[in-house]
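Letters are used for the chains, namely A, B, C and D, taken in the order the chains are written, and counting of residues starts over at 1 for each.
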Amino acid sequence: MIKTPDFVHEVNFHVRYAETDAMGIVHHSSYVIWFEEGRSSYMRAIGFPYAKVEESGYYFTVTEVWVRYLIPAKYDEEICLRTRLGALKSRGLHFDYEVHRAADNELLVSGYTNHVCIDRAGVVRRIPEEIMAHLAAGASL
Amino acid sequence: MIKTPDFVHEVNFHVRYAETDAMGIVHHSSYVIWFEEGRSSYMRAIGFPYAKVEESGYYFTVTEVWVRYLIPAKYDEEICLRTRLGALKSRGLHFDYEVHRAADNELLVSGYTNHVCIDRAGVVRRIPEEIMAHLAAGASL
Amino acid sequence: MIKTPDFVHEVNFHVRYAETDAMGIVHHSSYVIWFEEGRSSYMRAIGFPYAKVEESGYYFTVTEVWVRYLIPAKYDEEICLRTRLGALKSRGLHFDYEVHRAADNELLVSGYTNHVCIDRAGVVRRIPEEIMAHLAAGASL
Amino acid sequence: MIKTPDFVHEVNFHVRYAETDAMGIVHHSSYVIWFEEGRSSYMRAIGFPYAKVEESGYYFTVTEVWVRYLIPAKYDEEICLRTRLGALKSRGLHFDYEVHRAADNELLVSGYTNHVCIDRAGVVRRIPEEIMAHLAAGASL
């Protein structure tokens, strides 16, 4: 296990109408998509965007998702999504997420995702050194 | 312009909860996805599934979508989607769609999509002969 | 804890193109939507559609989702989704899911969801007797 | 027909991975959701968020959508979405949209949506005066 940075990345956005459902609240699958946007934003913040990971021939494929729902988000609310690299291994990563309502910082939803690094053929591979350096250093790079 | 078959393809399915929004009805973007499922089902019905089109190196990329909303669909309703190949050209297709509520055959939504045939490099190409034969013959093949 | 029926409900459908992503496989959030469709289909099968649950003023709100990804599904593949009521309590439910590729019965993805029964005001409530009877009896009703 | 403001509202965001499909580009239905986000952002900008429209008992229900696809957007690209109130009537609105790639200002997709103002019972209604004032004034309010 490689030491992970303490860095907690924040990104804010408004809830889209299409993300709601007939209960009048955000559909539970939308948070899974927000987690992914949290990862994308995290990778941009540490200077190695995930688009560049893919261009170099690698994917962080999702192997597990867990979500716990506490309070529903609603249309147009501003969301503050916090993403943290919870664990880093030679061939895999673990991200933790917290979805907060920006107005009062209330925790709405939390969860995690697990990933393994694969190449274009789908074979599990070590995370390339340059990417690993960015992940291990976090925002301080 | 190549003569198109009179064949109207029908596929039935239930409205998913995730397809609804906070108005308590189906979100307007969901119909665009249903149209696509109508095309997929149409291609399976004429014996040349779209997955096979892509395997042979071609795509029917979407160039235009139009949708008119009359009556909203609701969660769990059974939908009857009618898809018709409205126009067929050497390099393109036009599909027409009607979304009906199965219970009373009420027309809820109608629309069309336009497509051009491209190869993997994104270059516009003639629709390959074998695919064209299936499209022109419709379900009678 | 109320005894749950052994009943495993199956529903088959084709993967939609919109459910895929740039990796060329089904996006990991799509399975969460399929789980929901599994529940909807399960409730129809036991004779108390979820639409009727909502009409009677109750919701089975999602409190937890877990998904494990083994093998990716692809566009147009036929999916066989198996849904089982894993646990039933006076105020809550737990569903288990298995996503299989219909062609060879390969297990692609598994997972679960937890739910609590709430009323329109969002207050946790006992599952009404009539609904409970259907849930406890399963398909045999 | 009421005079519409010249105001063109811009909002920028990154393409989400979930918005792509197996062609490696943004799925054509995603732009319809972006248009809606453009409207949401527009309404926030003119000082009458759409959430407030709904709170006051009105909806701008979608009656028509048209989209023309020129160049595909890709994962992680920064998008600049331009939204303009193209027409304003006592009971309806028309919005025009342009999706640009922020990096080089290339026009990727354009389209429009039509809306009618309805109340909670689904009855077509005049747009309330206060909302109309904001719409007619645009960003200058």
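Quick note on the criterion: a contact is a pair of C-beta atoms (placed from the backbone, for glycine too) under 8 Å apart; a residue touches a chain by one contact, two chains touch by 3 or more.
Here the structure is a predicted model, which means the values were calculated and not measured.
*Asks:* Under the over-half criterion for shared residue numbers, do copies chain B and chain C use the same patch or different patches to meet?
*Replies:* Same, since over half the interface numbering is common to both chains.
*Asks:* Going by the average position of its CA atoms, which chain sits the greatest distance from chain A?
*Replies:* B
*Asks:* Higher C-beta contact count, C-D or B-D?
*Replies:* By the number of C-beta pairs in contact, the winner is B-D.
*Asks:* So what's the Cα centroid distance for chain C and chain D, whole Å?
*Replies:* Taking the mean C-alpha position of each chain, the two centres sit 34 Å apart.
*Asks:* What whole-number Å value describes the gap between the mean CA coordinates of chain B and chain C?
*Replies:* 28
*Asks:* Roughly how many whole angstrom separate the Cα centroids of chain B and chain D?
*Replies:* Centre separation, chain B to chain D: 25 Å.
*Asks:* If I count partner chains per residue in chain D, which residues reach a count of at least 2?
*Replies:* Answer for chain D, listing residues that touch two or more other chains: 17-18, 22, 29, 33, 36, 54, 74-75.
*Asks:* Going by the contact rule at the top, pick out the chain C residues touching chain B in the complex.
*Replies:* Touch list, chain C to chain B: 13-14, 16-18, 33, 36-37, 40-41, 44, 49-51, 54, 74-76.
*Asks:* In the complex, go through chain D and note every residue touching chain B.
*Replies:* Contact set of chain D toward chain B: 22-23, 28-29, 32-33, 36, 54, 59, 61-69.
*Asks:* Quick one: in the complex, what on chain B touches chain A?
*Replies:* 17-18, 20-22, 24-25, 27, 29, 74-75
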